[in-house]
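This report refers to the structure that appears directly beneath it.
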Amino acid sequence: MSSVILRIAARSLTPLLSLASLFLLLRGHNAPGGGFIGGLLAASAIAFYAMALGPAPARRWLRIVPRTLLAVGLLVALSAGLPALIAGRPFLTGMWWHPELPFIGSLPLGTPLWFDLGVYLAVIGFVLTIFFALVEAEGEGG
Amino acid sequence: MQLLLAILSGVLFAAGVFLILRRSLMRLVLGLIFIGHAANLVIFTAGGLKGAAPAIVAEGARQLEQPYADPLPQALILTAIVISFGLFAFFLVLIKRTYQASGLDDLDELDGRKG
Amino acid sequence: MQFLTIILLLFAVAAAAPVVVRFTRDWSGWLLALFPAGLFVWGITRLPDVAAAPLLERVAWIPSLGVSLSFRFDGLSALFFLLITGIGALVVIYAGGYLKGAPRLGRFHAFLFLFMAAMLGLVLSDNLIALFVFWELTSITSFLLIGYNHESVESRRSALQALLVTGAGGLALLAGLILIAAAAGGTFEFSELLQRAEQVHASPLYTPALFLVLLGAFTKSAQAPFHFWLPGAMAAPAPVSAYLHSATMVKAGVYLLARMTPLLGGSAEWHYLVTFAGAATMLVGALMAFAQTDLKRLLAYSTVSALGMLVLLIGIGTDLAAKAMLVFLVVHSLYKGALFMVAGSVDHEAGTRDVRRLGGLLRVLPFTGAAAILAALSMTGFPPLLGFIGKELMYEAKLQAPAAALLLLASGVLANAANIAVALIVGIRPFLAARERRPAGVHEGGIAFWIGPLLMGSMGLLFGLFPDVLGEVLIEPAAAAVRATQLDVDLALWHGVNLVFLLSVFTVVLGVLLFALRRLARRFAGRVRWPALLTPTGLYHGAVGSLPGAAAATTRLMQNGSLRSYLVTVIVAVLILLARALLSLPAFPVEWTLEGVALYEYGLVLLIIAATVLVLVARTRLVAVAGLGVIGFGVSLIFIFYSAPDLAITQILVETLTVIIFVLVVARLPQLRKRSSFFTRLRDGTIALASGAVVTALALLAAEVQFRPSISGFFAENSLAQGFGRNVVNVILVDFRALDTLGEITVIAVAAFGVYALLKLRRTEDEIPDDLSASDEGKEEST
């Protein structure tokens, strides 16, 4: 699986798909999308990259070890529950701020978005941990 | 369509049960995937198929307007899909390793070796 | 909170006891005894309040189950409270002397206080479930205390036997208590149950509840045929025998019966069962006691007999019998506690408990001897000791029993006579008999050894001389609690020469006669050999002995190690349960209609079914994977058709990844082969089709039946208002049910690490080249 076209496609498509996944994550609260879908798409994009160019370049492209991503995602999701605890509400109760920003207007920011980001990172980490482990095991003839 | 989907869930579940009762480890994995699909479809069907519109609040509305597709089963299934995938990946790797380590993919032979 | 505080305080003392013992050594007994002694005094000061009305107190524990730590301090509780704390204080002092320098004294005191707390909780509890918890706790502490000498096989075996017998009874009791609550409409509070006694009696649950509660009480109070654990429990150190196995714990069953009298008593079943069990135990205990030669076994069997008398009196169920029962309860606790301690001291000093080798001890053990003689006289029912009053009352109660008065009286006289013989053998003869039998080097072991027995012996004399104090202050409120009505209790020592007095005299004469015949009885008892399976002990050993075999057989049958047989069992069991439920429906509330199904929908479903068949018959791995892919994408199309865009996208992405992963490992996977025989396939096919049919029926049914209002409406209304999101599915996932999602991503994390561990951390010598193990972590870091 190392045709030139595939490689070029991977180089150009993976950043685009990753961006699209971020978009899916951010709009997920109001339209189809969200952390799961965004995470799966981003993971697929990187998996595609790895299949075209090999696991090592894909890891370089990603920069972060997937297992770390998985742990960070879990921590982010967990930390989304803390503001509610501090405010004396049940753990993981959604807390919202609506800061007024110039040019944009009222921007709804809330712990659910932060939580979804955690889900997004965890899903990427989850898929890629498995994927890289398998690809590398095959590569090593294991 | 309710009936049709219910029958489809039954067919998928039956296939899953048949597969997990085979001696081959590989078929065991396939069976689990089938059962996962069947379970998702049962929840989906049980949630009712009346809804015309997706469970997304329209621009300008304060809340979902009837008729809408029940969002609760969808949320359940969404997590179930991802969990099944995790289960599948783990199980697939498990049988791959078992096969590599023992050279067997037959449950009965594996039992015999253990005993 | 006062009662809860008391119990918690004792738990705290139990926890601190090892430290106290470590720092105060020989003084620890005296120091620790201050707690029960203080509680004893406190209990006395509360008596005037109790006489008016029971003190109630409630602390919520598990409110959703109706379980609360509620306490009731009435006359009956007060009587037990004083016995437990008073005798407790003396036993703790005695244990300090008896176990002086023992390596595990701290642990011993910890268990003893744990027991004390549990026992107090038991007699103070108003909530039946709390009562049960404390009840079991006394069984457990009894187990720990009997097994104090855990190096001894005998000790361990006896401890286990006591635990199994009383524990099994405890389970029966729990079931009985739950049935009572069910019969009374759901409350576990005794105070409330008292108001509903008639409702309980009328309920069809009454008889089973009665049986179960009696089973609990009889096992705990060593009633025949469950009496055998009590003599076995004599493996415990003497303070334990004196405290748990004569004065307090074995009386828990008596307490329970007395407590339950207003609620369960009065029926014919109650009357006959309780009376009969009591009478049988009384006779069995007395006759077996009298043939023993070991001091503690003599006392143990006579305790069995005394417990039988108490239960018998409860069974008679008259005001007089209740009075007699309570007086005899006090009498027995005082003299039996004292005699057990005396037996311990004698054993400690003389090194033997064989009555045939003891004699002339009064000169060397003057205080212990005085205590023994006082206690023994009370046990024989000799005036002016309290035992005399107790026995007179007992005879009077039996004379006036509503049924079988003569029979009860005759058996009572026989049992009492045997007990008199025991008292003479245990309490009198070793101290007063010819001195040449006296073992050498015996001397008083110090004040801790004799203060307790002497005090208890003297109390028997004191109460005998001034019975009014006991009668008015303690017995009257207690009798009021048992009979659920106010009673006048006038105790007097001397009633003149009447039938009862003559009976007493006759009993003493008979007792002395039996004492003279004791050697004959021992010889006779030594000859008799019961067939092992006919004795309760034999049955117990048979039952316990057959357990390992039964367990092994069950394991072979149920845990045979074959995954497929487990699966078949589980699937078929679920199938039968579900099919039964489905078939019992009056009508299947579903419309069997395919109306309005579009052509493309048929096409899609048929495509998925075709792919399913393809996977089923596939011979190569790739064909199977391809079929699986078709099914996955087909399912996501279904999600699209029915307005579930999130699901569809997720399913498509997951399907893609599934196929990718399959392709990655497929070369390493085994080929598919046909392995099973035709009949196995037929069987599995049948099971599979049946489960499929049930699932179809369930899916249809679930769509129609709605047991509770759906909560989807809440999500639909509040998604935007409270969650600030228009995509309701996403708002559910990240806001309303975020905790579930958190759990889910934790699960996938575990799955990922599982895969990682399986693939990367697999260093077994036979398959992996060495260089990989070293380079693996480094490679990760460098990327």
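Chains here go by letter, A, B and C, matching the order in which they are written, and residues are numbered from 1 within each.
We take it that contacts are C-beta pairs under 8 Å (C-beta built on N, C-alpha and C of every residue); 3 or more make two chains touch, one makes a residue touch a chain.
Note that this is a predicted model, so its numbers are computed, not measured.
Viewed as a contact network, the protein chains are fully connected, with every chain touching every other. Inter-chain contacts peak for the pair B-C, counting C-beta pairs in contact.
Note on chain placement: the centre of chain A and the centre of chain B lie 24 Å apart, centres being C-alpha means. Between the CA-based centres of chain A and chain C the separation comes to 54 Å, rounded to the whole angstrom. A straight line joining the Cα centres of chain B and chain C is 44 Å long.
Shared interface positions of chain A, i.e. residues touching 2 or more other chains, are given as 30-32, 36, 40, 123, 126, 130, 133-134, 142. For chain B, residues that reach two or more other chains under the stated contact definition are 54, 56, 78-79, 82, 86, 89, 93, 100. In chain C, the residues touching two or more other chains are 645-646, 650, 654, 657, 661, 665, 668, 726-727, 729, 733, 741, 748, 751-752, 755, 759.
Within the complex formed with chain B, the residues of chain C that make contact are 561-564, 567-568, 571, 590, 592-594, 596-597, 601-602, 605, 608-609, 612, 615-616, 621, 624, 628, 631-632, 635, 638-639, 642-647, 650-651, 654, 657-658, 661-662, 665, 668-670, 672-673, 675-676, 684-685, 687-689, 691-700, 702-703, 710-712, 715-721, 726-729, 732-733, 737, 740-741, 744, 747-748, 751-752, 754-755, 758-759, 762, 764, 767.
Touching chain C in their complex are the following residues of chain B: 1-15, 17-27, 30, 33-34, 37-38, 40-42, 44-49, 51-59, 61-64, 68-72, 74-75, 77-79, 81-90, 92-97, 99-101, 105-108, 111, 114-115. Across the complex, chain A is touched by residues 54, 56, 78-79, 82, 86, 89, 93, 100 of chain B.
If you check the complex, the residues on chain C that touch chain A are 645-646, 649-650, 653-654, 656-657, 660-661, 664-665, 667-668, 722-727, 729-731, 733-735, 738-739, 741-742, 745-746, 748-749, 751-753, 755-756, 759-760, 768, 772, 780, 783. Touching chain B in their complex are the following residues of chain A: 30-32, 36, 40, 123, 126, 130, 133-134, 142.
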